Amino acid sequence: MSFILDYYNYWVVVFLMMTGFYIVISANNLVKKIAGLNIFQTSVFMLYISMGKVTGGTAPIVVEGVELYSNPLPHVLILTAIVVGVATTSVGLALIIRIKRAYGTVEENEFKNSDDAI
Amino acid sequence: MFFLDILSGVLLLVGVFFGFTGALGLFRFPDFFTRVHAASVTESIASILILTGLMLQTQFDLNTAKLIFILLFLMITSPTASHALAKSARHGGLLSIPESKKKKENS
Amino acid sequence: MAVLIDLVLLSMLALTALRIIFLKDLFAVVMLFGIYSFLSALIFINLDAVDVAFTEAAVGAGISTVLMLSTLALTGRKEKESKHSSILPFLVVTVTGAALIYGTIDMPPFGDANNPIHQHVAPRYIEQSPVEVGLPNMVTSVLASYRGFDTLGETVVVFAAMIGVLTLLSVRRKEDDEAPDSGLKSHRVLHVVAKIIIPFVILFALYVQFHGDYGPGGGFQAGVIAAAAIILYALVFGLPMALRVISPKFLQILAPLGVLLYASVGIYSMFMGGNFLDYNKLAHDPVHGQHYGIIIIELGVGITVFAVMLSIFYAFASQAERRNVS
Amino acid sequence: MLEQHLAALPILLPLIAAPIVLLVGRSSLAWMVATLVSGFATIAAWQLLITCLASGSLSYAVGGWMAPWGIELRIDAANAFVLLAVTAISTLVLIYSKDSVAKEIESDKHLLFYTAHMLCLAGLSGILVTGDAFNLFVFLEISSLATYTLVSLASDRRCLTAAFRYLVMGTIGATFILIGVGMLYMKTGTLNMLDLSVRINLYESSRTINTGLAFVMVGVGIKLALFPLHMWLPPAYTHAPSAVTAFLASTATKVAVYVMIRFIFTIFGADHVFNDMGMDLILMVLAVVAIFKCSYMATVQNNVKTVLAFSSVAQIGYMVLGIALVSAAGLMAGLIHIFNHALMKGALFMAVGAVFYRVGSVNLQDFRGLGKHMPWTMAGFTLAGLSIIGVPLTVGFISKWYLVSAALDQGNWLVAVLVLLGSLLAVVYIGRILEAAYFQKLPEGTDPEQVKEVPYLMLVPMWILVIANLYFGIDTSLTTDAASAAAQWLFENSQTSVPQVMEMKP
Amino acid sequence: MIGVLATVCIAILVVMGLALARACYADTVYDRILGVNMFGTKTVLFIAAVGFLMGRPDFLDIAIVYALINFIGMIAVLRFFEYIAPIE
């Protein structure tokens, strides 16, 4: 039981990551791919935040009378990673708009005929 | 303080009850417009009750101010959003049940 | 209690993610993606990462969703059936997932205070940073001072995103537009409400900017919120109106200036005899120096993020408007 | 003051120049600023290499915070060597790009091009000099985002799909690296590379660390276009603007190879990666397959840029092969090839860009008769092509020589033979192009007046690289000194860190 | 008091779950949006309540951001319908 309590969080997070990853590689529509990419990344963020948690601890902002804080370092890393994620998302979506204008479609299997497959 | 605690507890629980009925309404009402009605009205009352309940728990400091701010914000935006949504639905051609019945009879 | 909340939220996340796989209506996908971001932000709060939750809510649920919606407006909202078999992706994912699960077995248990990451490096942040850097919010201290270089990189990433988006989609200013000025014109209530709340939102952004040292928040979040205020304005009153208030050219000057403001703090500290971004050298008293440094770089981050997020939104929105006209 | 901050200069210069370039407003001015800054970065890299060869390694604590708490820039012979190649190529490409970009990219996007180029350079230098695993991820993303932008600047619509594919695969790769680094962090509590390397050895065979290693390897593998994960590279290089291809082909994947070396040797320890996990066999098989499969693919392509792109994937095989030989000699061969390949591919893609400048497309049939009409360009192409094949007196020969002798040192004659056989395929794909250029006539209906030599600003940087190809093929002292010092340094530091902390095992 | 707060939190979670179910499985687009909107508002209340439950009520800023983003999301969606017909 304690084994499950120790790890359940990581397992669910792994499941979520893989769901996102599956959407990225299986989706036919490019927008859905980007959404999947975001889900994948967000789940990785959860992995990091999970490791920073201390049971019984509190948010790492100093208050009177609290000794036990959760680890601030993963939070900092993930703040940066979120920003990186949104940057990639916006460039990806901009590419999609241009692809739609150039090819008239954003479905992966409709590029297959020529050498411009996704 | 004891009195305030009781009051706050009551407000919170009643608020949650209203929230719950609203969610039920999402499933149980027959058409979209009645569902909007159920959701938005209960949402307002639930927000008021819960946030007021929480305000009674504070030491009447910055947190209270923030709660008031949230309350005002929700009071303004939430009905607006529901209104705009219903209007959009109307505009988009969605019909309520009596209307669609009438339409069927006419055609 | 925390475990129970955690479990409930995680199962909601799993439900949402699974549902997204099978939905073919892209509009629903984007909506659920917004919910996914909201939910993950709730998990972050539950795991004590308030700053992260703040950012995820504003960025993931806010900016990303708006951008995805405006993309959908141009690309259509139905995913077509694919003839590919989904066996290969499934296999890849299963193998990757199995590798990860295998990796979790040896992981330090969740939430244990004796885990290596709570024993090494981080204790200094927790114990010393209120003294060395002088801020109650450790996340801000680490972000802006100990790992200030990462944050400079982060700001540059945002800047790079703007360069990318502007390269791909140029913002056209319709000076002579006979185009119908769009916006939610018929929604009179919205107009009134938006006028009321936008000033408060900007006020709130300023609060977040300067209160970031003491509570959750900081330059990045503030920039996003301020951009969100203008985005709201553009959504309600139409893009041309927003372009008249803040022009894209101005934003394109503002964004690099923010980066330069950040970097100039580093350069200045180099001239004062320290290393790059060594705020201790900015004033006689190191803690004061840290304080000045952090305020300025947070301002730089805020300016850049505001300018970039807004110009990215402009670029996307003007595409949709252009299509609307033609 | 400059000496004190020398380690930070190669990254700070382009990083700060990027916003300035956007602000200057005129494209000729932007070009000048970018080129100058890149030139200064090259000088700084050169100084760094000299310092590192003399005194080992250099450390710079950003923000004045000491290493495991703050971010450290750490420079040794290995990254100074690669850094020199990257900054030098960047400078040459920038000189070259003035005319090339004017032709290929719409005029209102020139500023964005130079800004993106600066960002890309800053990202690549950042990856090279940083001593922090997470900081590496940040700079990786800066360079990647700039790269997607650069690729999508071409006028051909196919660059868009190429860039999108690159973006999706690149982001998956970066996320894998993020997962891997997270697992390492979880187990050790630190992100600093040196600190990581010490503390990882406390958990000799932890599943978490091994999984982390696997994820980092796959992630880096995507970034460096290791064989089965290379699908993004050929379209991206084919459809990007010429100047961009010349820059990326000679720098981006090389930096990724460096990251792989850094993770294997500095962080995980060669002993653990190769002996305990058997990674050398996997890498070796993938590298050999890459050499043959992609060299073969290069021989059947019609677009010359695609030919060279597949050739790049094959050449990356050689570098990985050097790493997988697990010896200082092999690693040195890999490092030399990083440098040399940058010279060859830079020159080749510049020549192809010159052809595009005049002819407007770069299919095989467009090369017909160019030997006569664009003599300097094609002469440069020929010399660099010979270098790819590995003809003596060129740098290609030096790389292969060290690789083969490293393989033979271990008695691994099979690998040695395969390397030589791979060169034969290079003869075929370079030969096809040369045949078209020198033994066929200009196609009917082309105006010979149109097809003439390109401007000097394009020819000179190309020929500098061509001459470098020959110079470093004859006088190898600089490259071999630097590479062998780097390889020695990496190898020794990787081996010795294992025993000294063994007792601390909890 | 903690007991009441805990009950409130759980109950709001249940309501959120119902709204999520509505958003996942909806007959019309508008129902989906309605579900999402309700989910957003309840999230705001949840954050406010959970802050008091955990004893750190000073993070109400996040609730404000949620309320704001929820509203902007709604407007963006409505705007989106100007371009694409919500009902096929």
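Letters A, B, C, D and E mark the chains in the order given here, with residues in each chain numbered from 1 onward.
Everything that follows uses one rule, which is that a contact is a pair of C-beta atoms (placed from the backbone, for glycine too) under 8 Å apart; a residue touches a chain by one contact, two chains touch by 3 or more.
Since we're looking at a predicted model, the values are computed, not measured.
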Going by C-alpha centroids, which chain is farthest from subunit E? Tell me that one.
-> D
Contact tally winner between A-D and B-C is A-D
State, to the nearest whole Å, the distance from the C-alpha centre of subunit B to the C-alpha centre of subunit E.
-> 11
Starting from the mean Cα coordinates of subunit A and subunit E, work out the distance between those two points in Å.
-> 21
Compute the distance, rounded to whole Å, between the mean C-alpha positions of subunit C and subunit D.
-> 31
Pull out every residue in subunit A that's touching 2 or more other chains.
-> 17, 21, 30, 51, 58-59, 61, 63, 73-74, 77, 80, 84, 87-88, 91, 95-96, 98
Contacts with two or more other chains, residues of subunit C listed in rising order = 2, 50, 72, 74, 76, 100, 104-105, 107-108, 115, 117-118, 121-122, 125, 147, 150, 153-154, 157, 160-161, 164, 168, 184, 187, 190, 197, 215-216
Residues of subunit D that touch two or more other chains sit at 134, 138, 141, 145, 148-149, 152, 179, 185-186, 191
For each chain, which other chains does it touch, given as pairs?
-> A-C, A-D, A-E, B-C, B-E, C-D, C-E
Subunit A contact footprint on subunit C (complex, rising order) | 2-3, 6-7, 10-11, 13-14, 17-18, 20-21, 26, 29-30, 33, 36-37, 40, 43-44, 47-52, 55-56, 59-60, 63-64, 67-68, 71-72, 74-76, 79-84, 86, 89-90, 92-94, 96-97, 100-101, 104-105, 107-113, 115, 117-118, 121-122, 125-126, 130, 136-139, 141-143, 147, 150-151, 153-154, 157-158, 160-161, 164-165, 168-169, 214-216, 220, 305, 312, 315-316, 319
Touch list for subunit C against partner subunit B, complex | 184, 186-187, 189-190, 193, 196-197, 200
Which of the residues in subunit D end up touching subunit A in this complex?
-> 134, 137-138, 141, 144-145, 148-149, 152, 157-158, 160-165, 167-168, 171-172, 174-175, 178-179, 182, 185-186, 191, 235
Quick one: in the complex, what on subunit D touches subunit C?
-> 1, 5, 8, 12, 15-16, 18-20, 22-23, 60-65, 68-71, 108-109, 112-113, 115-116, 119, 122, 126, 132, 134-135, 138-139, 141-142, 145-146, 148-149, 152-153, 179, 183, 185-191, 199, 203, 206-212, 214-215
Spell out the part of subunit E that touches subunit C in their complex, as residue ranges.
-> 6, 9-10, 13, 16-17, 20, 23-24, 26, 29, 32-33, 36, 39-40, 43, 46-47, 50, 53-54, 58-59, 61-62, 64-66, 68-69, 71-73, 75-80, 82-84
